Every structure is written in structure tokens, then in C-alpha cells.
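Take a look at the structures below.
Each of the two complexes below includes chain A, the first together with chain B, the second together with chain C.
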Partner chain A sequence: MRSLDLEGRAVPIEAGDTIASALHRVGVRIFSRSFRHHRPRGLYCLTGDCPNCLVTVDGEPCVRACVTAARPGHRVVRENAWPSVERDALSVLWQLRLLFPVGFYYKTLLRPRFAWRVAEPLVRRVAGIGTAPLERPPAHREARHHHADVLIAGGGSAGVAAALAAAEEGERVVLADEGGLDERLAASLRSSGNITVLERAAVVGIYEGPLVPVDGEDMLHLVHPARVVVATGAVEQHLPFRGGDLPGVWLGRGAARLVREHGLLPGRRVVFAGATEEGLEHLAVLVAAGVDLAACVVPASLASSVSPGVRVLADGEVVEAHGRSGLSAVVLAAGGRRETIRCDALVLSVGLSPRDGLARQAQGLPVETVGDAGLSQSLPPVASRGFVCLCEDVAAPDLEQAWNEGFRSTELLKRYTTATMGPCQGALCEPHLRAFVRGRAGEGALSARTTARPPVRPIRLEDAAAGVHFAVEQRTALHERHLELGARMEWSGDWKRPESYGDPPAEYWAVRREASVMDVGTLGKILVAGPDATAFVERIYPCRVADLEPGQVRYSLLLNEAGYVFDDGVVCRLDDGYYLTFTSGGAEQAEAWLRDWAETWGLRVHIVNRTHGLGAINVTGPRARAVLETLGAAAVDGDSIPFPSQRRLHVAGVPCLALRLGFTGELSFELHHPRSEGMRLWDALLDAGATPHGLEALRLLRLEKGHILVGQDTDFDSTPAKLDLPWAVRMDKPDFVGKPALERIGGISLTQRLVRLAFDSAAPPEGALLIAGSRRAGYVTSSRFSPVLGHGVALGWLRRQDDSFPDAVVADGTSGRVVAEAFYDPTGSRLRA
Partner chain B sequence: MGLRIVCPTCGSRQYTEFWFGGEVPDPGEEEFERVWLRSNTAGLQRERWFHYAGCRRWLTVERDTRTNEIHAVA
Partner chain C sequence: MLELVATPFAVVRCLATSERLDRLRVPAAAHACRVASDELILLGPVAAAQELVAACSGLEADGVVIDDTDGFAAWTLSGPAAEEAFARLSAIELPNERPAFVQGAIAGVPGKALAEVERIHVLVSASLGHHLLERVAAACGDLVVSERLAADPIESKRA
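For the complex of A and B:
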């Protein structure tokens, strides 16, 4: 037998069943417990508008049972109750409701101070509906773009008529409906070649463009229409009265749908309260299905239309409903008399509210409303009892209280009481909220409609992210090798890089004493060539470039137009152009920046981003040369490839561009090679005796040399002068990016500069305050204990005090002094070895 | 937002394929104004967009900052 599982109990499914109808058939009447007071709630609208039937399906919370087709094997759990919705211990909150008035968290639990800290975890546990499935990985959903002339939201009679009319005019139409379409209407749409029909696909919102996201069953449809037609119809008006939220109280359309589509009855003994012609049709459906109609409350004008034999209370009203876990009786009033009638269902058809949230959020866009969605909102009488907002459990007295506290407009009441902010987004409660305010403040700005915003229908976060294909994690060719070596990986921009291979001190010593390798394939790598390449590069960089001979390299800063450092790297002169490197993660930005200037200046250059095509491995340490020689590299002596320079080498048979640089402070060869050869080269280097080091070792190695890391040690407005790198800028060049700005600010004396700090013993933590005398003088940006020197080394920003910069500071209890040169090997003899 | 830009090389594309590069300064503007001052136009503005997920070219786009309507792309 086909069945779904409800909390361990098998529930049979019949053809055409929704989860709601399947559960109703086996006698389930309580579908959830309410948001704040844990009141029992049952089926009410059956059109996907109210919050009552939100259940967890296969671990996914807040699924609308009434519009979700039942499938065999569905695991359904009802929400917001413990231990079960039938006997919910938390329903005590309804008895304690005076302790938790609207906005209680603004005014209770404030004193003593610890009260909120104790209460907060409890409140957070109890509050809210459903539980987000944290253990489930989010599904990757696809998105599809549709380029149409017109999008129609809603496949009722108005929507279908609009679709056919537009198709007749030759327009390409997309029609989306949250449920399935009526078979006859669907056939007429399919016979037109111009109409795409999306069923079980909810229009979520209308954005600028217009862009209309439609949440389909298997994908997100992104529709880009020239115009939008909103034909979402109307929802029957909610009616607040005491007990009006009990299971057994129905909206007319819901009750009629239950009979027509599923052959089920809302109850055995029914009381009907209606005020519309449509309501009488629903009544006829119920009567034909064989319910026992106990009484019928209608306006006198409709009394004659009710079938004979039914007890009619003309011009009567519903006063209140009784029952504990479901409706047992209603109290009606008519002609000044009250009477209690036993029943198990109360069906309401008192008016319509347009479902116009979509149209209202699209002001200024080409959006037209047709059918019931375009009805003007007629406000109901002001409610004095009962729940105005079912989603957030806001009752009429709560509005009264908030009003008396001074929240005297629809928008203020909405924010303070959260009425209209639940899953129904005001579909049921907004007319009552406005009627309440209009009753006190009259027509006008105070009782204006609240702002409609997307989403109008609930949407999963994974649906909102559908179609996102950005590679959020970039990996070098050696990623697998790092993992095999037990590396702890960390983020570095969009890249994943080894933080360490488990022992940063050992990795550090391998660089200082032996030979070590690091994967630096993440560096930005860009080739520039063409007839104007030299002129272009000369104008881009603040250092001299035109005097470089093939084989030479130069370190340079990159400045923006304001003269601020935003990146650094090296310039390599090749025979036929320039090879430029940038910091890891800086390549994309650098490429856009280079292209911008090439175009602005109208220079003839080719710019090729080689970041992903080339790998790079830095071989560093006193034994680095020996390692390369073992692997057959010829002419790696200090004369053939001195510091700093570059040349082509074959290492282990892999063709490389070797850059003789020295970020670590030791003899170094940075081997740039085709990415496809990366693993071969890496394996050969390890076989030849080099061990790998990660970022943590590198941070210490470079800090001992006093090298900056752009981004860590620099600020957005760091000029070369502030960084104490004036030699990196040639102000005698005719022009370079940022030169006019540097000239302008060159005359202003420095108030801040980045300095190297040697500490007597331990290293202060990064971010520590620098104290000079008894005054604050700046802060530490990078700091480590140097094993080779035996004391703390740091970089930090110092402020000028009076007329000079202090040269002695204290940070975190340790005294330090400003040093002019690199901490380690200030003469650079090890680099030049 | 559904803003679309008709790239001369790639065709009509979602704006998320582009990086915004700021307004195009007037030719007469001095360096100081170009670097430091923004006109913050309410209306038609010429601006630069980089098509990073497409042809990787810089485009000059004329956009109405009040309506996000795009009038010209070059």
C-alpha cells in the first residue's frame, strides 16, 4: 500500500492527495502548535496562505502540507511541540501569556543583569517554528533563464485569459502557477505555441529589470519579461473572534476544496457564516456532500438564497468558539439573542482580500494586475477579541496594548508586535491591522498599507542560491599532494593553501638550515607584450622598468591613483615582453586594472593572465642550489643567476622560469612552470631532499627580514613613504600611476609610519597597543618570536609625537626599540650566497 | 536586481558578470577632482564596467542612476 510516515505511523495515500488531505483522512486535526502560545492549529485555508499546516517533511522544516503533493515514503513530523502536538507541554505558555506580553523581551528580564543571559538560551529554544536541518548538506540547485515578453503570475481563469490574449498578439508568454492547473485550462494554453507553462512553481517576487524568480519543483526559473501580469487571485478574509484559531474553523474555499478535490468532509456537524455569493456556493458543495448543517449565519439579503430546511440566523454574527484541542461549539448572536450550537466545523466566507503582495512590491515597474488580485481592499470591522495574526500569535488585545504603549501606525505596530511578518506575509492579518489603526487614527498615513517585500511565498535558501556557479575554492595543482602530506589547509583569498604540515618550527628551521619548498602557485602571474609593452609597464609601476635588461627582475609596489599601495610583486624582463607577479588572490583585480590603463592610454599591448596556467614552487634554504643541481639544473651558480635575476632552467626535466628572489631571507629559486608539470616537479624536489613548509613558517621567515605583507601590515591609505619604502618610487620618472597624488602629499610631513620593532624577550600579540613614555603611540600589525635571534620581532604603526617618532616602545609589558634594518641578515649575504 | 548589460562582444548579460568600475570622469577634470571627487549624479551617468566573466573588456555604459535603465554601451 502506498503510504507516508507520520511520526512513526503509516498513513495511506490516495490519488491526488496532498500531505494535508492524507492526514485529514486518517483523523489528524491538529497540524501544528502556534508560534508563541503553542495553541493547537488545524487546516484553515488550504490555499497555501496561512501558517497552520507547516510541517517538517523529510527533515525540511516549514513545508506547507496543503499545497505539497503526498509521496509514498514522505516522513512527516509536526512542528513546534513537545512531546507531541496532541499533548504539548509548552501549551502552558498560553496559561502564562500575561507574563509574556507583546515585546516582553524589550522590558522584562533586564534586571538583574544575568537574567537575560539565563533566559536567552531558553527563549531561543522555545521560540520559532521548525528546526533548520544543519547536518544536511545544502542541495545544489540549477537555475534557468527565460526571456519572455510577458510573465503571468497565477493560472486561474484571469491568468489564463491574459496568457491567451497575449499569445494571440504574438507575445512570448511564461505562465507560472503555484499549484497544478485545471486540466481543461492547461490544454488550451498548450495548444498555443507561444506559452510556456510552469506548474507547481511559485512566483517569489518582482525585482528591478523586471526580474521574476519563480521557484519550481526541480529548479529556479529566472524570468526576464518585458512586462508582468499579476493574476494571483484573492484569499478569503480571516475573521478574528475568541477561539477562532481552533482546529475545525475553516475558510470556505478550504472546506469546499477538501470536499471537491479529496472527497473529505471538514466535519460532521457544520455551522456556516457567510457574507458573499461565493460563500453560498461553498455551502452548496458542503450540503451536497452530506454534512449536517446546524445553522447558517448570513446577511438578510442573502437569506432567501440559502436552501430550504436550513436554520438561518439572518444578520447574525459569530461571537466565540469553544473547544480544547478542537472545535466543539460556537456561540452565535442574532437579534439580540445569543445561542450556543454544538458542532465540529465552522466554515467562514465573509469576504475576499486581494493577494496583491507581488504587485505592491513592484512600484515603478511594468506590472499590471488582473482578476481578483486587483480588488480594492475592503477593510473588515475592527476586531476586539481573538487572533488577528495566526503566524505570530498576535491577538486583538496585543494590538491594543501596543497602541497604548505609543506604537500608533501600521508600520510601528507591525515592527513591535510582528503582526504581518510571519509566513503569510500579511495575506490574512494585514486588513485587520489596518482596520484597527483606522478605527483609532482614521484614514491616512498612519493606517496606510505596510510595505510588501519579496519573498511573497516561502523559499529555501538553497533555492535563492540556485544557479550560482562561482568556484568558491581555488586549488593549485599540488592540492592533493599537500593533503597527502597531512597539511592543515587555510583560506588565502579564494585559494586554499597549506598553513603547515604539522610542525611549523621544524619547517622554519628547514628553510634556515637546509632546503625547503613551498607551493606559491597562487601568485598572480600576468604576461604583458606588444609594441607598447615597455612604455605601458614603465607608466604602470612607480619604479624604473625601461632600464631592465632581459634576465633582470625588480621588486615593485603597485599604487592606485591616490598614491596608496594596493599590491606588490616583481617585474621580470623577458626577451619579448614582461612577466609580472602579484600577491596571491590579487591577479583578477590586477588584470582588470592593467586592462583599464591600457585602454585609457590607448597603448598597443597584449595582457595575458597566466595565473591558472602556471604553477610556482619556491625552493629556498642554504642547500637550495644543491637540490637543483641534483635534479640536473645547469648553471645555477651565483654568476649565472645572481640575486636578483631570472633565467630559464630545466629542473628534473621540467622547463621553468627561475626567479632568484628572497622573501624568506635565504638563497631562493622561485620555479614557475606549466601547471600540468607541477606534481612531477614537486615530487622530484621532495625526492632530492627538500621538505615542504607552509604559510605559518613563511610568516615568521619574512617577518625576520622585515618584509611587509600588503593587506596585513598596510592600510588602505598607506603611501610608500609611510611604509618606509621611498626607494621603491622614482619621483624623477616623467609619469606613473599615483605620481600626481604623491607630489601633492609629498609636502606634508608624515604623522604615521610602519616600523620594525625588536623586542627584548617575548613577542607581543598582533594588534597590541604600542606605548611610548606614557602615551599611546600605535599598534602591532605582525609579531612573532624569532627562534634564530632569540627575541620577539614585529612590524607596527607608530604615530609621531610632538616633533619626532619615538624609538623606544612598550607593548604588552615587553619593551622594544625601532630598528632601521632587517632583523635577520641585514646585509643580505645569505640571499646573495 | 535584474539589471542586464548588452555587451558589444558577448550580448545581453546579467550584471553579476561584471565588476563596477566607477563613473567616467569628465575630460576637463583635474587630477585632484578625478581621484577624490565623485559627482554622485542622479540621472544619466557614464560609467565603466569590466566584463570579468565574459570577454574581460572594459565597457563604457550610460546608466540612469534613478531607474537603472541602461541607455548605451560602448
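For the complex of A and C:
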């Protein structure tokens, strides 16, 4: 037999069962305990609107049992109770409710000051619905886009009619319904060719665009319609009265659906209270199903429509309901008399409220409502007893108290009491909230409807993140080679790069003593050409560029309009333009930045991002030249390609633009080559004796030379002067980006600057405080122990102390001094070799 | 049925004034895709790359012509489920006419797409070719992706 598991008990499943119907069939009446007071709650609406049947299914909390199809093997646990829903020890909170008045967390447990700290974990533990499944691995859901002329939310009669009408006009229609449509109807709609039907797919919200997310069973549908039709119907009005939340109190549609769709009765002995024609239909369904109808409360105008033989209390009202864990009796009043009637079900059909949350959250968007969703909200009488908001356990007296405390509008009451903020999002309680305010303040802004926001239906966080990829990883052409060599990869911007190949010290020494290679294909690489290319780059960079001859190279900072350094790189003068490099991960921002300025200045330039089409390998170390010569590179001597310069050459037959640079402090050739030739060039370089090094070795190598890493050693407001790089800026140029700002601040003496620090022994950790005398003087941005020098080296920000910058500091217990030149090879003889 | 095939496209980027690009005579073997007012890319068989570059030679006087084949990873979604797969990868609406060229976010990264009948060529940066493959496998696995899923676009271009 097909069955689900309810807290260790096998529950048979029949065809068409929801979890709720399956449980109801075997006698389950309490489906949950309420949010705040742990009141027993049972099936109520059966339309997915109320919070009563939220259960945990297969570890997933807050699943609406009444609209979720039962599947064999489902593991169902009822929520918010200890030790069990039937015998919940925490139901004592209802008896202690005077200790927890509405908004208690704003006004109680304030003194002593530790009180809230102690109480908060307890409050959080006993309140709320369900438990987040922290052990479950996150599921990645996918999204699918639909483009349509019209999205119809709701597959009822109004929605289907709207879909057919739109399709007849030749519009592309997407119809979404959170339940299932009749099979033949769905097939007929689909056969029209213009209608896409999404079943068991709830419209979550309407965003600008419009963009309409529809939460389907298998994926999130992202619909981009030209217009939206909201045909979500109406929800039956909730009726607050004392005991009105007991299991056994039903809304009419829920009771009728239970009978019609599942052949089950809401109770054996039923009292009916109705005020609408639809309510009489529900009554007829119950009568036809054979319930023992104890009494029927209807307006006198409808009394004649009630089946003969049913006891009618014309113009009566429901006063209160009795029972402990379920309904046992109701008190009715009619004609000035009160009467208590024993029953186990009370069915209410007192009116409709439009389910129009979607339309109300789409202000200014092309959205229309049809059918019952377009009804105007008729307000019920002001409730004086019972729970107004089932989701948050807000009772009528709570509203009264909040009002008396000064929260005197629907929005303020909503925020203070949290009514309308639960899973139903006001579907059941908002009319009562408004009725209450209107009763106090009259019709107007104070009693206006509350703001509707997505999601209108509960949605998993994983659904909200469907189709979103958290980490897009860029890879160079050599990625697989790095893995083959055992590289430990790390993020560098949005690239993955080798941190090391297992032995950073050996990699470091290979650069200092032999020949080593590094994949620097991640560098931003942009070509600038066109008639105004020289004028353009001259205005972009703070250094002189126009005097560069083809073959020459210059290091430069990049400044923003405020004169702050945001990137650095080199400018290579080519025969027909400029080849610019940027830091790894900076290419896209740099490209957009360049295009922006080109457009601003109206210059005729062409900007081509070559980052992805070109690879780059830095060959560095005393033997770098020998390695290139081994691979057939001609004219790589210091005269043919001096530091700094560039020229085209072939290495192992691969055409390269070789840049003679020196970030590592050693003889270096940065070989920029076609991406597709990357592996061949890399393999040849390794075969010729070079060994690879990763980022960890590079960080030390560049630090020994005192080179900055933009982002690590710079702050958002680092000027060239602060970085001790005044030579990188030519203030005598007519103009460059950031020059006006640098002129404005040029006369202001520096309060801090980046300095090189040599330590006596070990290097302090990055981030360590710098102490000068007994005062804080700054902090370390980069630090390493230098194997070649035998002591710690660092860069750090140093603050002015009185009239000067200190020249001696202590960091992490180690003494250090400020050094004016590069730590390693200060004359640059090695990189100029 | 969805088949994903590494497509060895030649990609030639032409940057020039709008007027000059408008007058460009596009070789019969190429698809001309206007990506900006001052940029057009020609897509064609890898073997025709030089032909495509040559066709643009007149632009070089005040423009730029670059064979940027290495800069892109190109994959073709083909079969009846091609459009369904594309809809799972991108919010871009494909026009009804074929061929149609669109560009924007595809699989969450900048991309370009050339739609033909029952097949869509998708181009992303070469450094993101693996990402597109991973996204197709994750989002379209139920559409029966063919065995050629694992092909390497760079290798294909060499071949």
C-alpha cells in the first residue's frame, strides 16, 4: 500500500490525495501549533492561504499540506510543538499570554540589561514556524525564461477566459496556476498554440519590467510579459470570534473541497454559518455528502434557500466556539437568545476578499485584475474577540492595545503587531485590520490598505536564487596544465590562478637563481587605436605617453577623477596604436572606463579588449634569456630589447609580443601570445628548463622590490603622493584624468603615506599595528620574510606624528625602520641585465 | 533532444566608423553581427579566417581589424530543444526571424548568440567556455545533451 510517514506512523495515500487529505482521512485533526501561543490549529482554508497546515516534509519546513500532493515515502512532521503537536508542553504560553503582550519585545525584558540577551534565544526557540534544514546540502534550482505578450496568474474560469481571449487576438500567453488544471482543459489550452500552461506553479510577485517569477515544481519560471492579468480569485473571509481558531472550524471552500475532491467529511456533526450564495452551494455539498447538520446560521434573506429539514437560525451569529484540542461546541445567538450546540465542525462562508496582492504590488505596471480578484475589498464588522491574524497570533484585543499605545494606522499596526506579515500575507487578516482602523479613525489614509510586496506565496530561498550562479570562474588557457602540475588554485579577482605548485620557497628561489615562468594571462589587455589614440591615452594616464616611440613601454598608475589610484599597468607603444595592460580582473572595468572617457571626450578611438584572446607568460630569472634563446628566440639581448621595452619575437615558433618588465626584480620577458598557442608555449618553456611559480612566490618577489599591489597596499583614497610614487605623475601635462583633483590637494601636507619597512628579524603579520614611540602610527599592508635578505620586509601605511613621519616603528614586537629604496637590488641591475 | 557541439568559429572583429561598417561587403561564408555602432564581428568557418580579415582590409586605414578567434569559445545548441535550452540560459528574447543575432547575459556571463533554424550558436569569452558547458549540463541535463559535451573549443579550432 502506498503510504507516507507521519512522525513514524504509516498513513495510506489514495489517488489525488494531498498531504492534508491523507492525514485527515486517518483522523489527524491538529496540523500545527500556532506561532506565538502554541494554540492547536487544524485544516481551515484548504486553498493554501492560511498558516494552519504548514508542516515539515522530508526536512523542508513550512510546506502547505493542503496544496501539496502526497507522495509515497513523504516524511511529514508537524511543526512548532514539543514534545508533540497533540501534547505540546509549550501550550502553557497561552496561559501565560498576559506576560507576552503585543509588541512585548519592544517594551519588556529591557531591564536588567542582560535580560533580553538571556531571553532572546529562548524566545526564538519557542516562537516561529518550523526549523531551517541546516544539515541539508543546498539545492541549486534552475530558472527558465519565457517571453510573452500576457501572463495570466490563475487558472480559474476568469483566468482561462482571459487566456483564450488573448490567444484569439494572436497574443502569446503564459497561464500559471498553483494548482493543477483539468487535464482536458489544459490540453485544450495548450493545443491553441499560443498558450503555455504552467501548472503547480505559483506566481510569486510582479517586479519592474514586468518580470514575473513563477515558482514551478521543477524550476523557477521567469516570465517577461508585456502585460499581466491577475486572475487569482478571492479568499473566503476569516471570521474572528473566541475559539474561532480551534481545529474543526472550516472555511466553506475548504470544507466543500474536502468533500468533492477527496470524499471526506469535515466532521460528523456540523454547524454551518453562511452569508453568501456561494455559501449555500457549500452547504448543499455538505448535505449531499450526508453530514449531520446541526444548525445553519444565515441571513433571513437566504433562509428560504436552505434545504428543507435543516434547522435555520435566521440572522443569527456565531458567538464563540468551545473545545480543548478541537471543536466540541459552538455558541450561536439569534433573536436575542444564545444557544450552545455540540458539534465537531463549524463551516463558515461569510464573504469573499479579493486575492489581489499581486496587483497591489505592481503599481505603475501594466496589470489588470479579472474575476473575483478584481472585487473591491468589503470590510467585515470590527472584531472584538478571537484571533484576527492566525499567522502571527494577533487577537482583536491586541489591536485595541496597540491602538491605545499610539499605533494608529493600518501600516503602524501592521509593523507593531506583525498582523498581515505572516505566511498568508494579509489574505485573511487585512480586512479585519482595516475594519478595526476604520472603526476608530474612519475611512481615509489611516485605514488604507497595507503595502503588498513579493513574495505573495511562501517561497524557498533556493527557489529565489534559482538560476543564479554565485561564482563565475575565469580560466586561462593553461588551467589544465596548472592542475596537472599539482597547483593549488586560488581566486584572483574572478580568475582562478595557481597559488603555488606545492613548494613556494623553491619557486621563489627558482626566480632568484634560475629561470621560472608564471601564467599572467589574467592581466587585462586592451588595444587602443584610431586617429585620436595618442591624444586619448595621453589624457587617460597621468604619465607622459605621447613621447613613447614604437617599441617603448612605460609603467603607469590609473587615477579616477578624484586623483585616487584604482589600477596600474603598462602602456606599450605599437606601430598602429597602444597596447595597455591592467591588473588581473581589471580588464572589464578598465574597458568600460576607457569607453566612457572616449565617449565623453568625443575622440575617434577604437578600444578592443584582448584579454581573452591573448595569453601571457612571464619568463623571469637570471636564466630567462637563455631559456628564450634555447627556444629559438632571436635578438633578446639587452640592446635589442632593453628594460623597459617591447618587441615582437617568436618563441618556440609562437608569435609573441615580448614585454621587458621587472615586477619580480629579475630579468623578465612577459610573452603575450595567441591564447590557442598557450599550452604549446608553456610546454616548450618547461621543456627548456624553466619551472613554474605561483602567486605566493610572486607576492614575496615583488615585495622585496617594494612594488605595490593595487587593492592590497592601496586604499580607496590613495593618491600617487601617498603611495610615494610622485614620479608616476606629470603635473606639467595639460590634462589627465584626476589632474584637477591632484592640483586641489597638492598643497595639503600628507597625513599618511605608504612606506617600505625593513624589520630586524621576522616579518610582522599583515594588518599588524605600527607603533612609533608609544603611539599608534599605522598598519602593515604586505609583509614576508625575505629569504635572500634574511629579514622581514613590509609595506605599510604610516601616519604623520606631530611634524614628521617616524622612521622607526615596532610591529608585533619586532623593530623596523623605514627604507627609502627597494629592499632588493635597489639599483635595478638585475632586471636590467 | 539537445546536442551541444564545440563550434570552431572564426571571429573577426572590425572596428570603424558606422558609415564604413555599413558599406562593408560581407563574404558569403560569414555572418555579419553588429555588436555596436562602431563594431561588427564576422563569424565564419575557421578555415576562412584570413578571407574574412582580407574582406575587411579597407577598414584598417582608420579602424581596427583583428582575428579574435582565440578570444571566444563558441558552442552550438542544436535540435528541437535548442530554444528551450537557450531560455534556461538567458533572459534574451530570440527574434522570430532566422538567422538572428543577439547579445547580452548568457549563462550569467557576457555572451553573443546567433540563432538559426533549430540551432543556436553561443559565443562567450574563451576564459568562460567551461562555464557555459557547466551551465548547460546543470540547466539542461534533462534535455538529453549529446556526447560531444566535453569537447574543447580550443582543440577544435586547432583541428
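General observations
The working rule: the second predicted complex is superposed on the first by the 502 of 833 C-alpha atoms of A that agree within 3 Å, B and C clash if a C-alpha of one lies under 4 Å from a C-alpha of the other, contacts with A are read in each partner's own complex, and residues count from 1 in each chain.
By our rule, contacts are C-beta pairs under 8 Å (C-beta built on N, C-alpha and C of every residue); 3 or more make two chains touch, one makes a residue touch a chain.
Here the structure is a predicted model, which means the values were calculated and not measured.
Of the two partner chains placed by the overlay, chain B and chain C both lie in contact with A:224.
Once the two complexes are laid over each other on the shared chain, residue contacts for A:69 go to neither chain B nor chain C.
When the shared chain is aligned, no partner comes close enough to touch A:382: not chain B, not chain C. In the superposition on chain A, A:472 contacts chain C only, with no contact to chain B. In the superposition on chain A, A:210 makes contact with chain B only, not with chain C.
Residue by residue along chain A, chain B and chain C are tallied for touches, and C comes out ahead.
In the overlay built on the shared chain, the residue A:740 is in contact with chain B alone; chain C does not reach it. When both complexes are overlaid on chain A, the residue A:464 reaches neither chain B nor chain C. Once the two complexes are overlaid on the shared chain, A:529 sits against chain C while remaining clear of chain B. In the superposition on chain A, A:561 makes contact with chain B only, not with chain C. On chain A, the patch touched by chain B and the patch touched by chain C overlap at residues 224. Remark: chain C residues 13, 15-16, 38-39, 62-64, 66, 68-72, 84, 87-88, 90-91, 93, 107-109, 125-128, 130-131, 135, 138-139, 154, 157-158 touch chain A in the complex. If you check the complex, the residues on chain A that touch chain C are 140, 142-147, 219, 222, 224, 467-469, 472-477, 479, 495, 527, 529-531, 577, 604, 606, 608, 610-614, 674-676.
On the side of chain A, the complex with chain B involves touching residues 207-211, 224, 364, 561-562, 588, 591-592, 595-596, 599, 740-741, 744.
Every residue of chain B that touches chain A in the complex is listed here, in rising order: 1-4, 19, 21, 31-32, 34-36, 48, 50, 52, 56-58, 67-68.
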